[in-house]
Structure formats: structure tokens, C-alpha cells
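In what follows, a structure is listed as C-alpha cells, so that the remarks can point back to it.
Per-chain residue numbering starts at 1, and chain names A, B and C are given in the order in which the chains are listed.
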Amino acid sequence: MPAYATNMRFKFPIVALTLEIITIILFAVFAVYDDGKGHGHDSHSNDTHHEEPPMKLYPMFQDVHVMIFIGFGFLMTFLKRYGFSSVGVNLLLAAFGLQWGLLMQGIWHLDNGKIKVNIFKMINADFSTATVLISFGAVLGKTSPVQLLIMTILEITIFSINEHLVASTLKASDVGASMIIHAYGAYFGLAVARVLYRPGLRDGHDNEGSVYHSDLFAMIGTVFLWMFWPSFNSAIAETPETQLNAVINTYLSLAACVLSAYAISSTHSERTLAGGVAVGTCADMNIEPFGAMVIGFVAGIISTLGFKYLTPILASNLGIQDTCGVHNLHGMPGILGGLAGIVNAFAARWKGQGLYSFSFSFHLSDQTINFLLQGLIMKLPFWGQPPDQNCFDDSIYWEVPEEEDENEESLAHADHSKNKAEA
Amino acid sequence: MPAYATNMRFKFPIVALTLEIITIILFAVFAVYDDGKGHGHDSHSNDTHHEEPPMKLYPMFQDVHVMIFIGFGFLMTFLKRYGFSSVGVNLLLAAFGLQWGLLMQGIWHLDNGKIKVNIFKMINADFSTATVLISFGAVLGKTSPVQLLIMTILEITIFSINEHLVASTLKASDVGASMIIHAYGAYFGLAVARVLYRPGLRDGHDNEGSVYHSDLFAMIGTVFLWMFWPSFNSAIAETPETQLNAVINTYLSLAACVLSAYAISSTHSERTLAGGVAVGTCADMNIEPFGAMVIGFVAGIISTLGFKYLTPILASNLGIQDTCGVHNLHGMPGILGGLAGIVNAFAARWKGQGLYSFSFSFHLSDQTINFLLQGLIMKLPFWGQPPDQNCFDDSIYWEVPEEEDENEESLAHADHSKNKAEA
Amino acid sequence: MPAYATNMRFKFPIVALTLEIITIILFAVFAVYDDGKGHGHDSHSNDTHHEEPPMKLYPMFQDVHVMIFIGFGFLMTFLKRYGFSSVGVNLLLAAFGLQWGLLMQGIWHLDNGKIKVNIFKMINADFSTATVLISFGAVLGKTSPVQLLIMTILEITIFSINEHLVASTLKASDVGASMIIHAYGAYFGLAVARVLYRPGLRDGHDNEGSVYHSDLFAMIGTVFLWMFWPSFNSAIAETPETQLNAVINTYLSLAACVLSAYAISSTHSERTLAGGVAVGTCADMNIEPFGAMVIGFVAGIISTLGFKYLTPILASNLGIQDTCGVHNLHGMPGILGGLAGIVNAFAARWKGQGLYSFSFSFHLSDQTINFLLQGLIMKLPFWGQPPDQNCFDDSIYWEVPEEEDENEESLAHADHSKNKAEA
């Protein structure tokens, strides 16, 4: 490891071990298995799957799990020298985030002072980590693991409060969570990226590109996200019928999105995921199959145009350096999904849906201050943020094969070749 | 993008957007959610899973989905410079194919003039795309996305007619679909490859080989196909008991196939998939576990010998340049599976099974003309087929990292090395 | 293929075909489909899932299947030139092992002289192959496929006897099988590695390292194992409630393990799997969520320290060259899991659990002789063990792209570069 990272050598273990020990203590105090059915005293009010067999949602949970750990992890491996960090830090943040999410979401639904852990709550915990992993994409390569762990705590805590307000108090519907997961995660990440703006990276960085096989690894993440998105949007739908609707809508929206995204530009297949984000909010509504396809079709176009025209403007004019383009993949499609939800809610005069528009504006204004606060907290130099020249480079935090020199492998081959040529 | 591709820049978007818009209109007219149970008017006659809970088949569907998008996509990444196209075009064809398949298969089972979309129909739509992806393997690297979209429309339309004849009219059993999926897809692809014969590629092409890591990516596809094949062969079996039989038969056939395929030649693990193809037709029959193993054992040998001796003959004598060797992986094992089905049907004097042999010969003769017709349609120079020197090369249709030069990455390293050596 | 491998060209096919033919004959004699429910004569005594719908465990089975074939296969791809063998030989051993395991485990539960194959038995067969794949990790790169097939037969046969004694006779509980799968597999592998000790590899081997992308392939295996471990530890739990406990315990143990393993050393993410191993034995017990987290937390620390300090000592002082460090990943966490099971059993005065400590010591002492015997059998030079200089090299047993020269690809690029530079 380079000299730079030495002060990480102590800070990171101390922060990680301390957080985990605190978390274990909180679990010891609050968490128990969900045996509600067996014991007969059922005081859960908003756990709609409570009368179900305990393992019923498990296949759905595993699909979402694959999206979180393989999907998001490998989606970000496109950078030529940041693959270990993409998969590895993704695992770290998600592993901590799901524990923190179980606690933060659980305190709103205590049963005799306890959080009763079940598959439904585990799916929601995975959802809460998704917001962090989306934000991670915006600041990928420019932040230390310690900064990101702090971001995880703040983002999931705010998410849990927001989700509780939207879902319980305002009675708004956001099953696939276009807004409260995707738009929230994207704009949170962009706010952090703004605060952490680095003038030194204005003209790009040697490592901020991909190589052939790193892009192919990223396709593993893309395709797993694409395939399991119907599970993401349907896992916590209230009835088997609405679950089926959510699956069909997401499946068709994603399929239509592929055609429009490829038509505009076939160079980055991850844009085909925009359809899943955009159909999220109204996934379980009766928007009809073609309605879902129109949403996906539009999302594919918006997302692709955003990558082409909006990302450079954000970077040069607003100082937002969005490494993975989360604004195009989660931000705008998330807002599109929210708007589609509002339009559909008004059209259907759905009970409580009128409130969605309020929730929507509430949501955005409410968190701007939080974003800035958090950005400033994370900016404290204490947290081991990498200097410009070490951005997008695994070797600061990971032991990279063949010593620290990232060109070592090719060098060895080339030297070999040179010797042979000279012989 | 190189100058060559410029006329693709307009043709592909126009074709893709037009097809998707037409498809959305057809969905608006025909497709609704399957709410058959709730509304009580059940007029589906051959949807055998209709009384089931709506999400019952969902885990099976997701297994098949993984085979289609990860399995077929990564199976074809072995070419050193065609990985983006393998995974990316696979996604494009499958995304369009499943929409087209839902329409084409749905028109045979209209309910009050509507196609009621459910998980069972989504599995069948995935099956219809499998035929296209098999054919794609035969012409991999030598066709444009526009040609392939046209092939998708034709192949799935014919498949849906054929499937309807085999399944409904002839009452023949072909659960795992050795014949109507695998043999059909393979011989369709070979016919297209024949029409698109390129004398210029007779002596091979620089890019028609693999590199170490491209083969490892292909193993991801191979292993996912291998693992989930029991789901492919059992997903639409009629009862839980026949479903169990289909799972056990496929699982054992695949396992036995590994041993025989490795024994003959251990250099390409994808041959171990032949066992899944071959046991397809009789997967849900009472062939006993050892019967399934014998079929897999023989399939492994046939497939491996085919790669070694038959593929070169097809290329040099018949002008069929079969990039992925789909003849060995899907063609011959598919016929073996059809024959095994016939033998077993006669042995068991199964009701209606005697007709299988008729269906079998009908099937093959019927489509030869279609194949040739389609090949000729696709051959029209208008569709942007790549010239010989650009075959097997992502950079025609994709933005490849580090400009267009495929050696750029290694060059950079090597130059670096050179400078260092000279310094 | 190099000259060295020529005698493998005959030995391997003969051994593989002979084993498969014998296996098929044994299946013809013993194996039938499980139709127990239909026929009404239910004589299974310890098949606890017998009254269940036949396909109920299928999603769990597929999760375990992914762990066996993708998880173990890709976990071992970290070696720069042994990826084909890792995935390919993993497939070979698992495909043969599951057939052999079905037979060996089945003979303890015959029903009218027949082994009734069902999903429950298929999960157990996958478990039996897991022991072999763990041992494979210890001797990776230093053994021939023929040696490994012989190891598979011996290891699974002993495993099946041992499992029967532990599970049925001693009534000990080992659901996630910390001891009988992980510790057994690890120490079996270490014993074989000891007998096959190579003084010539004392100072390492050129190929015994990773390159950047080979480590990224290994992360695919790591993450799939991590995600599906809850299925591994819960698949055969007796009731839905204990299954839920096993899922929650494993999920939380793994999450806590990530934080502690990363805190001690963030360089190898596979150590985060130790939490799944360690919580195995008591996965379905009422250890409370925080108890599972403490076990995972400790396992992460032990595993990481073991890689750092113990592996070099084992190699230099005891002559045990443990390629993948299975001692740290499966051995010590397995024993930790066994101890946690004993402590918990005494604390809970669980029926029959007191016997576990006996089973535990019995288990270890009983097999030492077997290990040594097997090691000696495998050591016979007849079985085609590779010479020192060909260790960790795919090209002995696989056709590697670009002829046999492993540097060919880079050489070609470098030569290209050189020519360009000189021009």
C-alpha cells in the first residue's frame, strides 16, 4: 500500500469495528425473530404480509439481494482500475446498510418494544441500501470507505424517516419506489458530489475510463439488474394480483426501454435499466401493459439523451462530477416515474393518491438542507478522502496483484516481449 | 465509430423505433393483465396453470430469464472482440423477441379478443426468444442488428405457428422442446448462415478466436445455462409430479453429459449443455433416472465429436459457417431428443404420442422453404451487413474503450514499458 | 497440448467413462422417482419434507446449485492462469459428485430397495459435493483431474457414512453443517495437501498469483456464495419457522462478518464468507439475531488473521501448501461453528445436543486414518499428477487460446506495439 493510505490503516478499522459493535448492541436490545404467528399476539399494523407463511417472500428477497450485491456491485466495475472497490466497497456499504436499515425502519414498527425481523423487513432493508449504492455511483472513485460509511448512516436514517412519512402518514403509494429510492438516492449522491467538487478533475483523469473487459464485467451487473427488476418493483406489493401487475408492467417497460435506448445510442447498455426505475411508482397500478411500455420507451430516450447532453453540463456548469451518471439512470427516470404516478393517480382518482404531489414536493425541499449538511460533514479532511491523483484507483485501499504498480502485468509481458525481440 | 457504420446510424434507430412503436400499438389493442380468476369467466382452454396462484411460476420464470439473458448472452462472449455485441445484441433481440412472442403466441389463445398476460405466457415468450438466440449463435459476428431484428420477427412468427400446430393440433408432447426450440433454432440459424455464406472468411478471420478472459466470460454463460436447465425443461409441465420428473431427468442427464463430454475432449465446457437439450422432449416422461443419464451421456459424446469433425465439414463442403457451433450444441442433441421422445412414446404407447413422428418430419420439411426465403430477405444489402474485414468486431456497432483501436490498451501499456526500458 | 499431458489423453477418458458407466448401472438398479405420496406406502423415516408439495424446495435447491457451480467455481479463478481448470474441473467434480452423493446418501434410506430421488435428496447431494470442492481448493493447481475424481469418490463415501452417524445415530444437530461439511472438507483437503507436499513449490511459483481481472472473476464467486448462504444454511431445516431463523441468523452473521473482516484487512473479500460457515451449525437454533452477529463478527476476525499468520506457518512448518486458504475460510470457521453449537446446546439443554461434543471428537479422530490412506492412494504416480513446473497452469489439461504460450496474447500486442514504435 502506498504511503498515502497509512492513516487509513487505523481510521478505517476503528470506524468499522466501532460501528459494528454499536450495531450488535442495538440488535441485542431491539431485534428478535418474527414469531408473531406462533405466539398469537399480532400487533403489527402495516406489515401486510404477516399472515403469510414465513418463507413465502424468500425467492423475491433473493432476487433483490442479487440486484444489490451483484447488480449494483458489477454495474460500477466499468472503470479500468476501480473494480475491486466497486464490488468490494459495494459489499461493505450494503452489508452495513442492511443492518442499519433494519434498525432505522424497525423503530417505526416496534412490537412490544422489539423489532421482529422477517423476510418482508429484510427486503425493505435491502431497499434502504439501494439508495446508498445509487449515491455511491455519483461519487465513485473520489471518496474513502470511511466517508462512505458515514454517508450510509446519514442517508439510510433520512430515508427511513422519509419513507415512513410517505408510506404511512401521507398514504401515498410508491411501491417500486421511483421517487423515495431512485430519485432520492440520485439527488442525495449528486448533492454530495457537488460538495466534494474537485477542480483538479475538471479535465478528466487517466483512470476515469474503461477497458474492454471492465466494460464486460459491468454488463454482468447491468443484466442482473435488468432481469430481476420485476422482483424489485413487485416484492412488497400487497396482493398476489397487484404483484402480478407489477411484474408484468416492469417486464414490459424494461423490454420497450431496450429498443428506445439502443435506438438513440447503443453504446451503453445500462441505460436500458431506466425503464425499471421509471415504472417503479405505478408498477402495481392498472396502467395497462401498453402504458408500462410507453413509460419505458420514454425513459430509455430521456436517459440516453441525458448521458449525452446533461452530464457534461452538470460537470462543467454546476460542478457536479457524476461518475456513473446516476442522474440519467436513477434521477430523471425516478422523477418521470413519480410524475407518471401522479398522472395515473389523478386519472384513477385513487384514494389518497392526490396527496402524492404534496409528498413529492415535500420530499425534495425537505432534504436539500440535509444534503448540504451531510456533504459538509463528509468533506471534513479527517475522513481520508483520496487526493486527486489517487482517484479511481483500487491500489489506495486494496492490495492489487503484482505489487502496487497497476501496469505491472502488462509491463511484465511487454518486457518479456522486448527481451524476446532483442534476443 | 468508423465511417463504415455511418449508414447504420440512421437505419438502426428508424427500424428499432418503428418496430417498438408498432409493438406498443398492438399491445394497446390486444394485451391486458390476466385477471381471469378474479372475474370468473375462464375461457382459456390450454393454459393449464390457470387455477394456480398468479405468482406460482415466478421463480421458474426467473430461472429461464437468467438463461436467456445471462446464459445465452455470455455463452457467446468467447470471441476476443465481440463481447459487447454478444451480450448487448442478445439483450436487444431477447427484449424485442419477448414482446413479439407474447403477441404471436397470444393470438392463438385470445380471450374475448384479448391476450391475457401472465407468468405462464411470459415463460413461453422467453422460450420463443430462445430460438432466435440459438440462431444468433450460428451467424454471430457476421450480421447487423437490423438483419437480426428482421430475423427475430420471422423466426418467432414461424415458431409460434409451428408450436401451435405441434402442441395443440397434433397433441404431441415436447415439454422441454428439444425439437421445436433447439433443433428448430439451430437449423434455422444454419440455413441463414448458408445464405449469408462468405467466401472471404473461408480461411478464418483474425478476430474469430478467443483470448483467455473472453473464454472465462463464456464460462459464466455456460454454467448459468447448465444450472438452470432443469427449470427450462420443467417450467411448463402440467402437474407438480411431472415437473419433478422433468427436473430430475434434466439434472441427471446434464450431470452424465459432463463426464462423457469431458472424456472425449475437455477443451470446451459448453458441450456439457447438450444433455439438457437432448433430454428436453422426454423430460417429463417416465424414462427413469438412468434413462435420462444414458441420453445425456450419448449427447455429450455426439456433441463433442460434432465440434471436432462435423463443423469443419459443414464450413468447407456445405458453405455453412457456424460461428458458435450451434449444430453440435442444439441441432444434433435436439434431434437426439426428438428421437428419444419418439422411441419412448412408442414404448409407452402414450396417447397421441404416435403422432410425434409425423410432427417431426412435418416440422423439418415445412420450414425449409421458410428458411431459404428468410435468408434471401435478410441478404438484401440494404440491411447493413458488415463487410468481411469488420466481422467479429464490436467497434462497428459499439463505442469500444480507448478509441476504435482494439489494441490500444495493450499498446498503451507496452509503450509505457518501452519508455521505461529506454529511460 | 504439451507432450507431458499425452498420457492423460488416455487415462482421463478411460477413468471418466468407466466411472460414469458404473454410475449409470447403479442408478438403473437403485434409483427411481420419488412418487411416495401418490403410492401411499410411506416408509421414509428421516425425510422430513415428505408430505410437502414435490417442488416446494426447488427455489432453495437452485440457490444451493448456484453456490456449488458458480460460487465455488469462480471463487477459485483468482489464479492468473488456472481459471479454466477452476470453473471446468469444479463442474466435473460437482457433476460426478452429485451422482455419487445421491447413491451413497441414498443407500441409508432405501425404500423397498430403491433410492427415491427428490429435491430434498438433490440438495443433500449438492451438500456432499461441497466437501469435495472445499478440499479441491486446498490442492488447487497441483493435482490431475484423475486424482481429483478418485478424491471425490473417497471423500463423498466417507462423508455419507459420517453424516449418517452424526445425523441419525447420534441425533446431533448440524443443519448448516459447519462441522460435517466445512471443517470436514477443509481438513480432508489439508490432509491430502500434506501427503502431496511439493518441496519444489516452497518458494512459490510464477503462476501462483493473480492478475487484476482474475481477482474480479473470483469476486463473482465470492458474492454469489455470500448472497445465497442463507439458503445453504436453511434449505433442509425442519419447519418453516426454523428455516426463517436459519435465514435471519445467516444473513446477519454474514453482514457482521463483512465489517470485521474488512476492518482487519480489506484486501480479500472472500473472508467475508467465514460468517456463513461459522453460523452453520447453530443456524436454526434460537441464538437471537445479535448472537448470530457476534459469531460472524468473530469469524471474520479469525479468518482474516488466519490468512495473514497461519497459512505461511502451515506451509513452512507443517508442509501443508493450502492454495486457496481453505483452512481459514472453512476449517477454523467450521470449528468455531461447531463450538458455538456445543455452547448453545449446553446452554439450551437441547435434547440430544449433549452428544454433539462426542460426535465432534469422534468425527475428527475417526477420519485421520482415512485422510492419510487416501492421500497415499492419490499419491501413486500413475494418476497423472502434474510436475512442479506445470502447476497452476491450465494449458496442461485445457486448450488455451493462442496456442500453448500463456503470454501469447500480450506478446502479440507488445510486438505490434514494438513494430509501430520502430516504424
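Methods note: a residue touches a chain if its C-beta (ideal position, glycine included) is under 8 Å from a C-beta of that chain, and two chains touch if they have at least 3 such contacts.
Quantities reported herein were computed from a predicted structural model and do not represent experimental measurements.
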Chain contact graph, described as a line, ring, star, complete graph or other shape: complete
Equivalent-chain rotation between chain C and chain A, CA atoms, steps of 5 degrees: 120
Centre distance in Å when chain B and chain C are each reduced to the mean of their C-alpha atoms: 32
Overlap residues in chain B, where contacts from two or more other chains coincide: 59, 213-214, 220, 410, 414, 417-418
Complex contact set, residues of chain C against chain A: 59, 63, 80, 209-216, 219-220, 223-224, 226-228, 231, 240-241, 243-245, 247-248, 251-252, 254-256, 258-260, 262-264, 266-269, 272, 286, 288-290, 293-294, 297, 407, 410-411, 413-415, 417-418
For the chain A and chain C complex, residues of the former touching the latter: 12-13, 16-17, 19-20, 23-25, 27-28, 31-35, 38, 53-55, 58-59, 62, 65-66, 69-70, 73-74, 77, 81, 83-84, 87-88, 91-92, 95-96, 98-99, 117-119, 122, 145, 213-214, 217, 220, 397-402, 406, 409-410, 413-414, 416-418, 420-421
